[in-house]
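Data block below; observations after.
Order of writing sets the chain letters: A, B, C and D. Residues in each chain are counted from 1.
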Amino acid sequence: MIVNMKRAASEEEINHVIERIKECGFQAHVVRGEERTIIGAVGSSGRRSEIEALRAAPGVAEVIQISHPFKLVSRQLRKEHTVVNVGNKKIGDGSLVIIAGPCSVESREPYDFQGLGVEALRFLEEASKETGLPIVTEVMSEADVEVVSEYAHMLQVGARNMQNFSLLRKLATVKKPILLKRGPSATVKEWLLAAEYLLAGGNHDVVLCERGIKTFETATRNTLDLAAVALVKELSHLPVLADPSHGTGLRSLIVPMSKAAAAVGADGLIVEVHPCPERALSDGPQSLDLPGFETLMKELGREPVRDVKAA
Amino acid sequence: MIVNMKRAASEEEINHVIERIKECGFQAHVVRGEERTIIGAVGSSGRRSEIEALRAAPGVAEVIQISHPFKLVSRQLRKEHTVVNVGNKKIGDGSLVIIAGPCSVESREPYDFQGLGVEALRFLEEASKETGLPIVTEVMSEADVEVVSEYAHMLQVGARNMQNFSLLRKLATVKKPILLKRGPSATVKEWLLAAEYLLAGGNHDVVLCERGIKTFETATRNTLDLAAVALVKELSHLPVLADPSHGTGLRSLIVPMSKAAAAVGADGLIVEVHPCPERALSDGPQSLDLPGFETLMKELGREPVRDVKAA
Amino acid sequence: MIVNMKRAASEEEINHVIERIKECGFQAHVVRGEERTIIGAVGSSGRRSEIEALRAAPGVAEVIQISHPFKLVSRQLRKEHTVVNVGNKKIGDGSLVIIAGPCSVESREPYDFQGLGVEALRFLEEASKETGLPIVTEVMSEADVEVVSEYAHMLQVGARNMQNFSLLRKLATVKKPILLKRGPSATVKEWLLAAEYLLAGGNHDVVLCERGIKTFETATRNTLDLAAVALVKELSHLPVLADPSHGTGLRSLIVPMSKAAAAVGADGLIVEVHPCPERALSDGPQSLDLPGFETLMKELGREPVRDVKAA
Amino acid sequence: MIVNMKRAASEEEINHVIERIKECGFQAHVVRGEERTIIGAVGSSGRRSEIEALRAAPGVAEVIQISHPFKLVSRQLRKEHTVVNVGNKKIGDGSLVIIAGPCSVESREPYDFQGLGVEALRFLEEASKETGLPIVTEVMSEADVEVVSEYAHMLQVGARNMQNFSLLRKLATVKKPILLKRGPSATVKEWLLAAEYLLAGGNHDVVLCERGIKTFETATRNTLDLAAVALVKELSHLPVLADPSHGTGLRSLIVPMSKAAAAVGADGLIVEVHPCPERALSDGPQSLDLPGFETLMKELGREPVRDVKAA
């Protein structure tokens, strides 16, 4: 890390920063320019967060991080791709996985999830047995982690919970893979830090999912950031999916954006599909109907494969 | 609500929408223009979410809401300001409340909140008894709601949890006031809907807090949206605070933005204060030290009052 | 258009709006709901901007547009794709056009464009004659329109000038095609309105180019909005390019995002290429070197074709 | 500046960067950490843009600027506030200046500015003579600079032209003060760089104006960034105004946001005022009528003073 001193910083302030850097377990390298002084904190075993706090010390203009704050998810640590097993399917092995289904199991009452929730999970389990397909479902509360992980093959963390660290801490201890959606206002760095949290807690089976970020554009529900998919593939060994349904909010854009996501290197897609979108309890306008899903599969050059998803 | 049909919509598609509107409990008013047809769904007792789902029906261009989707928080429902009692203090009575303190109780270990959490709460309780000041503290997990509500006078929902509906549902049943921070990517409408959720669940003692939204500007940590404070005061009867510490991330902007928040009509401020910001475990650069807090109080034309906060 | 009255609107206010709608050349359709009244302004020959101004009238909550404000660029007006001839090349005929080159002609002095500008244009003309490739170059000022249109085969409007209506007005009268880049904070609607302005002024040879929008994400220079490419192809008959160099700012993302742009349906790409990016006067980090460009062409399944661009 | 090398950078790549730094007129200070090497470029007379271009060199992770790129507008260069004389008024002397009026002179035809433009300017001149008030008016095109500067006391650069460098270059040579509005997607740094451009070209009479930035929030037309006003007052010696009309787009927010702008330290306000907002040719919904303007003046503790503005 680099501590960039203000131009007007006094010798005393500079010396104070140097001492604090040493106290925190780093070496201090001072570079005195004509206009200002910068101080490098060198070493890998010091207490980084205390150096960051020096931003609040007198005479300090800013503290600049020069390493990525994430380690375990980083491709520097692990060169090969992580492949995550979800039931009898693999994500991250170079093929394009399609996860499809309605966003909610539709008979549950929104205010009474606990009860009907389990019923819904049983329905999904049944569907899974019938079709041989694994199930992905969202877990919205710590209290539900246990029961959902009994039934589902992969647990989804919704975009709004990406930084719900209580939930992440619990999911880090579960023996099921986690699908971590990017928060609508999360930077790539914050997203990877949330994944780091899961790995640091012991769960290495993490699949990322880009689902659009919040921008000023209102013609689409969100702005699907496909460059983030390519960037995460470069920075991390974890598999990355794209969700063109939430990412655009418009049915007519699902096929072109699915093809773009495949081209950019995504490991798979999550697509909303509903037998009758206009009667869907949620997200109808961004759902494909069954013929639409057939078209998508054809455009992707695929035989229709049915995976079951409910979130 | 208004259903705006596509220009190319067929008579059959128009009639289908009219029938669905009636099925959902509304009257249908059809306005046929030269270029396109719009259909108003009139009535107050129909099933609105089913009309929204018509966006997915064939021939429909868009469904436009013409009423606000929130009711209980709305000033239309309740003309007078809501005043929330927090211990022996009032928020929303026309005075400017100052909530100040460090962001974390500093001896707790980040990965072991449960244990030291209670200890921290006891420490806060002690501080409260000594000073006579009420306590506000954040609750980050449903599992903590019960214990935190035993000790704190007001429970804070952090910005990242604003749409954690499991947590909101639990907090709606608690007999303590809730401080609901705006999410970094939440619109004013989404923020008021989250508050509506608390009121609908039975807790009417809700205080809102603007703490900055995520924008492209990086010179400040967030963009403190003071127009949102004024707008919420117009739309809702609930009190609204502003948080210039998180809202700007820069200590030097706390005083001017606090004065601006007071001028725009905020009911109070939340300000990070720490005896030694450069050693704060979090948020030092956006914390005032004690002389800085004295200056703030003076600039606001106030006698220094100490309220205690930890989140 | 629909005028949505406030709940508290008086009969007098409602009647005033009805009269104004008629004065402006529309029919007024009144729909009285239980809670509020809405008034549709029906007709295609009235003065729309005066209806919009009714937002400022007493008792009015909002004025809602239900038609797109653009006509000439709209696919409703013209079903077939527009094909634009640029020298001996076609854009919009279903093939993928690659425009490549450095962002600036490098010997010009930034503060003395007029003089060396013409020299640069002559250099480009020479290059064009030698290679048989057409030239695209940016025009940054009305004063330059005439001279640039003598030399270039297509004139580019840079992102920062997308809403420079003085410049657009002049370009509308030129007999050369225009490449209209999307502004970094322009919605799709605003972008199409800027194109509409060119067509309304008499220039129908307009090519659009998505080059990234400004969002909170800082890992990439901009957020390349590929859904906007697909959406514009749906809404308009004009061809659309994508610029993965400016769109991401990162050389390593140019190849994957180019492939994604091709997959989403873009009519072509604009890519920065420089023989020695680290010595480029501008935009080096987002430029391919020549071997990188070879790789791009190979990944797109193409024989390397050299088009020359300077902007 | 600091060049942050990739972890995997070779000795050869490091040496190449060191040599280039020296070639560009800086001293190179190398700090070798356990994980990576950083190289400081020290000196004030080197060619900075060439160091920035090293981002494109092999082995380089990033180039970090540690000084602000602007000098002339900086408070480091000039400690005292700049006071700008606009006719017989002063901006920046500690008082709050109010600029008010309609956004357009209303009889001009939008497509024929040149002719009626001069007529409009004559009308403004007449109004100025009658009232003794100076005139501010927008100049949208280089071609208009000369004629507008004959009539107006201050020339406004609209938000969409903030980075129209051809226009700025011309305005830098004019002997009239410039009002530089912040672009809707411009960072504070980009805004100050645009002002730097005017000062570097010879015009030191620059007044800045915050008018809202584009964010995801749609309840207001823009997000008025009052923290930017406070920050610019800290970073620069130039005066700063706020525009609550464009900044919010909502008449009811003009008074509270004006008071907030005054409290945060703005040197003045620009407010849309129109005798009959519902018939205004533009921006009616964000305009005060005359009684509304009286209220504003009263709320600001002022005698009504009429300044005339047209933009």
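Quick note on the criterion: contacts are C-beta pairs under 8 Å (C-beta built on N, C-alpha and C of every residue); 3 or more make two chains touch, one makes a residue touch a chain.
On a predicted model such as this, the values are computed, not experimentally measured, just so you know.
For the interfaces A-B and B-D, the C-beta contact count is higher for B-D. Between the two copies, subunit A and subunit D, the Cα superposition rotates by 180°, quoted to the nearest 5. Over half of the residue numbers at the interface between copies subunit B and subunit C are found on both sides, making the touching surfaces mostly the same. Among the remaining chains, the Cα-based centre furthest from that of subunit B is the centre of C. Separating the centre of subunit B from that of subunit C, both taken as means of CA atoms, is a distance of 37 Å.
Averaged Cα coordinates give subunit A a centre that lies 25 Å from the centre of subunit B. For the pair subunit B and subunit D, the distance between C-alpha centroids works out to 32 Å.
Of all residues in subunit A, those that touch two or more other chains are 185, 214-216, 218. Against subunit D, in their complex, subunit C makes its touches with residues 20, 49-50, 53-58, 111, 140-144, 160-161, 163-167, 169, 183-185, 214, 251, 277-281, 284-285, 287. Residue ranges of subunit D in contact with subunit B, taken from their complex: 185, 187-189, 213, 215-220, 223-228, 230-231, 234, 247-248, 250, 252-253, 256-257, 259-265. Residue ranges on subunit D touching subunit A, taken from their complex, read 2, 4, 7, 29, 31-36, 38, 40, 42-44, 61-62, 64, 66-67, 76, 214-216, 218.
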